[in-house]
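Letters A, B and C name the chains as they come in the text, with residue numbers starting at 1 for each one.
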Amino acid sequence: MAIRANPKLITELEIYGAQDVSKCYHCGNCSATCPFSKEPYIFPRRSMRSLQMGLEAKLESDLEPWLCYYCGECSTECPRDAQPGETMMSLRRWLTARYDFTGIARLFYLSAKAEILAVILVALIAGAGFLLYGFSQGDITQYGGPDAFLPAASVHIFDWTLAVVLLALLGTNCARMWWFTVGRDTKVHVPLSAYVRKIYLLPMHFFTQMRYAKCEQKRPWVLHLVLMLSYVTMLILIMFFLESMWSGPAVNWSVHAFGLAATAGLLVTTIVFLRKRLKKSEVQYQQSHETDWMFLVLLIVVAATGLLQFTLHRLGLNTAANINYVIHMMAVVPMLLLEVPFSKWSHMAYRPLAMYFADLKAEAMVSTEREPVRAPQAA
Amino acid sequence: MDDLKIGVFVCNCGTNIAKIIDCDAVIDSVERLPYVAVARTYKYMCSDPGQDMIQADIEEYGLDRVVVAACSPRMHEPTFRKALQKAGLNPYFLEMANIREQCSWVHDDPVAATEKAAALTAAAVMRVAHHEALERRSVDMCPNTLVMGGGIAGMSAALDLADAGNRVYLAERSDHLGGNVARTDLTAPYLDSARDMLTERITRVVEHPNIDVLLESQVRKVDGFVGNFQTTIRGKADDGAPTDTVYDVGSVVVCTGYKEFDASRITHYGYGKLPNVVTSFEFEKMLRAGRVTTKEGKAPQYVAIIHCVGSRNLEFHAYCSRVCCMTALKYAHEVKSAVPGAYVSDIYIDMHAFGKGMEDFYRRSSEIKTLFLMYEKNDYPVIRKADATDDCDMLIEVNEILSGETIEMPADLVVLMVGMEAREDSEEVAHLVNISRDKDGWFIESHPKLDPVATTTDGVYIAGACQAPKDIPDSVAQARAAAARILARTARGKIEIDAVFSEVDEDKCSGCRMCNELCPYVAIEFDAEKRRSHVISALCKACGACVAACPSGAITARHFTDKQIFAELEGVLA
Amino acid sequence: MTFQPKIVGFLCNWCSYTGADLAGTSRIHYAPNVRIIRVMCSARIDPTFVLKALHDGADGVLICGCHPGDCHYSEGNYKMMRRYPLLKSLLADYGIEQERVRLEWVSASEGQRFADIVNDMTERVRALGPSPVKAALEADLAER
């Protein structure tokens, strides 16, 4: 069955960052040099080819873009300067937009203005909401206690509501990802038992990023791991230990130690990444999409205002602390609500899922090969 | 003949001969032959030290005859003849034994090859003993040249010859100059205008005082020999009636070009049935008119270009037509500039980007977002009409190798890169000037590497696509090379022609006149008074037909006498 | 020891000799049993050459010229073509097997064809065995 090629797809992908993919003449140096390219997942050349020809259905079902960590070796080796690394990145962006059923992700990727506007809008609504709530039931000069401007318990409820909404959105996107990459693949059948047996892969990849460690350069893995673990630490502290975090002004070392460490981690790594992107110091930082900047900027604002929060609270400057908290939430809410399901941050779910699905499919492909395709000829 | 002294030189040719043939064993076997005064081997006989060695031995041993067992005489006979001449020996006292092209290069058994080499060398030794001193003849070289074909090659050759002060007769079959380049819009890889290139050439040719441009003219006959040809050209008189004129020329340059492959012979491309499938030349017409549209008059959204139509195909022509790959890329650029939003796909087998600026051109074609689709030889794309609901006119099914998928590529306009073919009149032309054609109909050069413009017929040169598919730079280079070869001769005013011809021994001739009718050059005349036949040596080409036919054995073929051949037979069968 | 036939080849300079050279430059291998003698044109080949070759010990004789229509001297090969049947009938009279003498047209670009002809002819003559002429001459000599 012939697949209809769609040469127009590339015009759309240019906006996602794949301006150079037409230059690729398929020498294969990139796939040869890639440390992760191994049967049955060979990349980036094959993905570049599917993109050049506009084989949308195939691209949608590919896991290869998520198996790439953008070490940039391929782009360095490319004799035609076709930027395979950046092409894989743009495919990740495109897939993020595809997995999302709402169409919001696509809008953000295609229009930087739309994303900025959305962020500002959500920030303003969040800010207004928090201020209204605060003024309606509290005193802006009070941080803790019965007249607290923003009581921890209320924030806690808000946080959990937000989390549920996020998970629902991200969850549907992940379900769509499964459907595109595994579910509707008629050639490979993964038995339910395999899913259960290999479930450990999800938390393992999520927490250790061990595949990233296998790249030739170790520093990107270290930086990213610190960033991620810092964030996860903050997440756990806020979701489960918000009251303890809120306590003060005396320092509650059992939680604040973690909080400070995590914030330090966030600030340092985010600043390092921002600097790299600004300086275009390595291959993988030479081309930045608007979504890349948005992600880092929001993170740094969140971390900075978080640290400021801690400081102001210790100093007993309650009003300032409350106002800062509103500002903090004006950054946090768009970051979570928009970045996680509809933009760059979704990779925190898609990557571990991709490892999991890739492993399951590879195993299923091998066992399919072992079975005879036809009955043996009669002797 | 008792005091004859023969020197035998066996060449190693590096390892070309020595790898298979035991040259020392050959020396041993020929040393025993009568009259052999010295026999030795050397690494490269044709080199300066090699030739010096021969000359030194001629002096030292007082050699009368020389045998060189080495490469084919077609390669180095002139070289060694010169060496003999320098040492004061008549150049025809040389005989070569071909132990390379016809021995070491074609046999893998060293014992059998050495035995054969020894036999061939012995044959040469026995033959050379019967060689006679012959003198080369010097004839006048007519400085005029006939150039057949008024395309880019023909005009380039004509201009160089005419600029040097020689008369040129430029015969062109059609009613205009420019040939196939005149049907082109731009040229790859720099997208220069073909028209500008041609205008410059044509203007200079037409205005040149030394060039007679004969349009609507056909060469009917070419008689004579190098330096002294008479050519009959049929042109049109003022009243339109055909008229024959005879011109005296010293050389002929054949620049008759090529014709394109008929794409309708390949049914799965739908040429002739699907209106929007066109050939490269038809596309050039569109480009020259400045309008790239479908048959329905719309600007095409998808344009596909298919390579190797009729070329690299065992069913039609196995060879590559050389120019089409870069021309296809040229079309990609021209489409993008004529129809900026169009999607261009280039469907090829291999990308032949061999020349100056071509690899760069290929890269630039990628940069303008041409989609390259690769198919495998013998697994051709198939074009069919798309459904009315589709956003394109046709769909091309390709088993695409770079992706491993079978895809359907949309196309509103398909350009078929048709290959080059030998013209239908190439057989006629070959017979006219007495040159050969290879199995594809292209004219054969003297030597594929070292002599690409001369032919087996002295004085007749070939240039341009009529020799093999090639692009404009190479055609012009060949044409100007042919001109240079001719100028080297006309500069001397006289040329030496081979001393080999046949002669009648009047004492033996019985006057039967059997030979008179046999000679294709009408070189034998009958002296009615003496009642004997006589060979006009200037016209004789030494084919030997009369020699074999003479019932009295009265005619001798110089340098190919019966005695010499019999001696060779004895040597070969000893 | 397999019988190795000795075959003499008369090749015309312009087409067949060049074709044989092409087999060489293309490194196409063939049987070493043919010894080539160059003539300018196949028209030069006197039937006595063929007889002399057989007399001197050749087991077979191969004659090669240009394809009809392509002769460098215009019609030389036609003359060979006319002589050939007469030669063959003469050989038949002498009791010499027809397959020992063969006429082939080889062009300057047919290196592979030349090699194929040599290989084929070598095998055919090998199958026929040594030429009866040799045996007859030896017997004649012995009688005297």
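We adopt the following convention: a residue touches a chain if its C-beta (ideal position, glycine included) is under 8 Å from a C-beta of that chain, and two chains touch if they have at least 3 such contacts.
Values in this document were obtained by computation on a predicted structure and should not be read as measured data.
Once CA atoms are averaged chain by chain and compared with the all-protein CA average, the nearest chain turns out to be B. When every chain is reduced to the mean of its CA atoms, the largest separation from chain A belongs to C.
With centres defined as mean CA coordinates, chain C is found 83 Å away from chain A.
With centres defined as mean CA coordinates, chain B is found 67 Å away from chain A. Each chain gets one centre point, the mean of its Cα atoms, and the points for chain B and chain C are 28 Å apart. The residues of chain B never reach two or more other chains; the list is empty. Among the residues of chain A, none is found touching two or more other chains. Listed in rising order, the residues of chain B touching chain A in the complex are 302, 343, 345, 362-363, 366-374, 395, 397, 400, 402-403, 405-410. By the touch criterion given at the top, residues 72-74, 98, 100-103, 105-109, 112-113, 115-116, 119-120, 123, 430-431, 434, 436-439, 444, 456-457, 500, 518, 520-521, 541-545, 547-549, 557, 560, 562, 565-566, 568-570, 572-573 of chain B touch chain C in their complex. Of all the residues in chain C, the ones that touch chain B in their complex are 4, 6, 8, 13-15, 17-18, 20-21, 23-25, 27-30, 32, 35-41, 43-49, 52-53, 56-58, 66, 69-70, 72-76, 79, 83, 107-110, 115. On the chain A side of its complex with chain B, the touching residues are 1-5, 7-8, 10, 22-26, 46, 49-50, 52-53, 55, 58, 80.
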